[in-house]
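Below, chain A partners chain B and then partners chain C, in two separate complexes.
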Partner chain A sequence: MQMNHFLKIVYLLIIGYSNLFSQIKLDVSTIPKRVDVYLDGVNLGTSPVLNERIKPGLHKFEIKKKGFAPLAYDLLVNPAQAIKLDFFLNPIYKIKFKTEEKGLVFELNGEHRWDVPFIRLELEAGDHFLRVFKIGEIIDEQTIRVDEPKRFNYYLKKPLTSG
Partner chain B sequence: MKRIFNTLQKKYVIFLLMIIVNGCSSFKGPLYPEVIFNNRQPLISVTYEYGEIELILPLKYDAAVPDNILFKIYAQGDTLHPILSILQESPKELLAYLPQGVLDIQNNTNIIKIIPQDINFDPLTVRFKGIRFGRLTLPRKTIKMGQLIVSGTTYLNKNDSLIGGVSVSLQSYDNIIHSTRSNESGSFQIAIPGEYKYADYLRIVVGENLIFKPFIEKLDFSQNRKMKMKIGLGPSDDMKEPLYMTNKNNVHFRESPEIGSETLFLLKEGEVVSVDKVTPGEYFGFIEVSLDNNKLVQLEGWINRTDLRLLTFQNIYKILID
Partner chain C sequence: MLKIIIPFIFVNLLSSMNQEPTYLVLNHFDKDIPQAEKLLVENFNNSKFEFDAALENIFTDLDSYDNPASSHMDMMKELGEKYKVSFILLNKIEHKEDRFVLDGLLFNTRSGGLIHRRKIDLKQYLDGQINELIMWVGNTLGVQEKEWQKNRESILFNDPEELTYDKTPMGAAIRSLIAPGWGQAYSNKKTSAGVWFGVEASLSLAFILSYLNYDKSAKGFLSNTDLYHQTDDEKLVAKHRAAAEKDWGNHIIYSRLAIALASATSTGWVSNSIHAWVFGPRPYTNIYQEWDSSSELNKG
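Entry: the complex of A and B
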């Protein structure tokens, strides 16, 4: 009986040892730092994550931080000694949008609409597509680039000015 | 004046109430209820680090060390294309670095061929199961000199017929290193470790279990580790009957029958004598002597009758009495 128990322990140790060496060393860094990193739904801790282990195969990384666009990334991990991942989170900027034109409806990225002359928006950094409607018709289309907190002033048929 | 002051005071209170109720948004404008994403591809950097396999094979040498060894490493059962070949002076251990992922890590189909650059050594093969990366130390391998092999047949000189069950031994002086017997068809093969190549007085002794004088020959493996021999036993067909055989060691083979005549040889037990003349106490006859070139010559002489017994070929094997 004791012998069986001993053999079971030895077997588990061998399995554990072989699993240890079948895994890959994992380091995760993020910009910005101190972000919660989730691997396959399990919280690995706050970045930078060092000396974790990952098995070869398909895995899902998720990173969330207030003020940044959430990031989900599926990665097929190849057999290797180590893998290092660097995630650059996309910031969300606070934008003020103002117009003195009357009767306009604004649409951003084909789905977000407003009709007030002054509004505060939270936009992911990068390009956004603006459409302007008047009495149900498109009267203007522009791409606006967001790379910092800004205040946009809209004038009909003129490029957006920031200031 | 007081009325004006009261009106201003009322307006101020209303203004304060507006600020309290609506907060600062009444100045900043409304906040759009959702964060607006543009689904931009995130910037992600993935860096793989591939490890090396440090392969170590400790080596041990028995008796002799070859000058150089060629190591060939094959992976995944492919014995045509080595992944690495190394020629080096005989090392204490083979140390090789292989890229990650080249070895079979499930089965022992990876092979190291050890090929000593010396005719006295035989190539060796080491099979092993690989690892993904890291250090892999294999069990120590002993490199020995190749075996010294003597093979051949045993036959009767009288009629060239093959005889089986004949004892064959390799000896250094009188020390038996290894012994065997020829099989039913008269063939034998005997091997001894290669280090005996340099042994003093290495010889083959055949037929000690036969009634005849055994065949003894010095062996020289300096040129070749493998020898083939056809070993004839017993008297040749040139020996005329009746045939007698010495029945003990140190039998005097004399020049003439007279007492005090010169002894030509001291014969061992089993020496065959072809008797030609008979006197009441002596036999005159011939013995066969092998020269260095394996040529047999007959020498004549006299032997005391009591030292001989009649030879018959009905049973040529010695009868062992426990």
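Entry: the complex of A and C
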């Protein structure tokens, strides 16, 4: 009887010990490569990160590289399994926005507003929603695609001839 | 907004015959992804797809559970027994405005727990859904093709540091330094190219003419000075003296003119190169008011 108790205790201790200290194999790949990878605020080095170890539970990944939008990602890691993470960073492009039209107010993504004829912006690659106001009224809405560093010229009217 | 829900069942039959891990793959897409099923079969042959809409309730947001790893344990165990598979792979693709999210979940049917998760959240990864799906399925099956990786990289937005352009402002500046107006012509600015070339050509020509006149006056002065010293004839002395004085005067004028024109030419030359750099070829897009009937982006 006592022997059975002893075995149960040993078994529970082994299970508890293995759960407490079991670590999971972690691989982190990113596009682009050579990105700083932080796990719970600790720098794991630059990507690709291979054969790192992680404890089960909730973890926070932060991926940072100059010229790209930083990425923060919470992940609940399940015990006793390997985990492979792929992160894709979206580049940030330097954009110039110019207009020769008078009295216009521009709004981008419902957040940033400006009324000057020339502005420099740093925008994440992808589509952005542009809204144009004149004397307090919306006069235009459209989506602009940012796919490289470039200048946008805004006109109220399309020219009769192109080129 | 109408969402299309398409769960597929994909059982890796070949593996089961060899007593290797077997998979039940469930796909759930909020939009129709053309040829997803066909491409999965092509990339992972010896596999079978079936359709079953009854499994829709698995695809609720796992993150809303306190413990997503164990939230569907019983269901996964039941599915594992029903389909005789060792793993269940859930692929959920959602489109949120301009982003697409692929949530890949691998469950062990013996424990019912979530053992591997891959979440991709991408902005404007156009037409990349199927490639990511194939890569994720391949990852769980232990298959990775280089072509998929290349596909992925080709679709993603470019690294700003790796962007290269056929024409650059520096290229325009160097060309204009070699030949005025060339940089402007290279930037497709024909008018300013013509103006710069015309101005610089005129200044250069004027400088050359001034120099030639200066040279001629200087030589004439020396020649008339010699003649002046070599004769005693009063008339000839007066003639050579007048000619020498005229040449001296001209030599001074043309000398100053040549120096001024040389300065103007070289300053203009450098300015032309700077102008070519400032107004050099840079990417731009003209945006025209879209609410005005005809609307289009004219890419420059």
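By definition in this document, the second predicted complex is superposed on the first by the 132 of 163 C-alpha atoms of A that agree within 3 Å, B and C clash if a C-alpha of one lies under 4 Å from a C-alpha of the other, contacts with A are read in each partner's own complex, and residues count from 1 in each chain.
Convention: contacts are C-beta pairs under 8 Å (C-beta built on N, C-alpha and C of every residue); 3 or more make two chains touch, one makes a residue touch a chain.
As the structure is a computational prediction, the values presented were derived from the model and not from experiment.
**Q** So, A:75: does it touch chain B (first), chain C (second), both, or neither?
**A** Both partners, chain B and chain C.
**Q** Let me test your reading of the model: by the given contact rule, A:112 touches which partner, first (chain B), second (chain C), both or neither?
**A** A:112: touches chain B, not chain C.
**Q** Which holds for A:64: it touches chain B only (first), chain C only (second), both, or neither?
**A** Touch status of A:64: no partner.
**Q** Just checking: does A:154 make contact with chain B only, chain C only, both, or neither of them? Give me first, second, both or neither.
**A** After superposition on chain A, A:154 lies in contact with chain C alone.
**Q** For A:32, is the partner it touches chain B (first), chain C (second), both, or none of the two (neither)?
**A** Only chain C; A:32 stays clear of chain B.
**Q** Now for A:123: first (chain B), second (chain C), both, or neither, which partner does it touch?
**A** Once the two structures are laid over each other on A, A:123 reaches chain B alone.
**Q** Mind working out whether A:86 is in touch with chain B, chain C, both or neither, as first, second, both or neither?
**A** Both partners.
**Q** Would you please give the residues of chain A that touch chain B in one complex and also touch chain C in the other complex?
**A** Touching chain B in the first complex and chain C in the second, residues 73, 75, 78, 81-86, 88, 90, 92, 124-127 of chain A appear in both lists.
**Q** Enumerate the contact residues on chain C facing chain A in the complex.
**A** Where chain C meets chain A, its residues are 67-69, 98, 113-120, 122-125, 139, 152-153, 156-161, 163, 282-292, 294-298.
**Q** Within their complex, state which residues of chain A touch chain B.
**A** 21-22, 25, 69, 71, 73, 75, 78-90, 92, 96, 98, 108-109, 112, 114, 116, 118-128
**Q** Considering the complex alone, what residue numbers of chain B touch chain A?
**A** Those in contact with chain A are residues 28-32, 34-38, 40, 42-51, 100-101, 131-134.
**Q** List the residues on chain A that touch chain C in their complex, please.
**A** Chain A residues touching chain C: 31-32, 67, 73, 75-76, 78, 81-86, 88, 90-94, 124-127, 130, 132, 139-142, 144-145, 147-158, 162.
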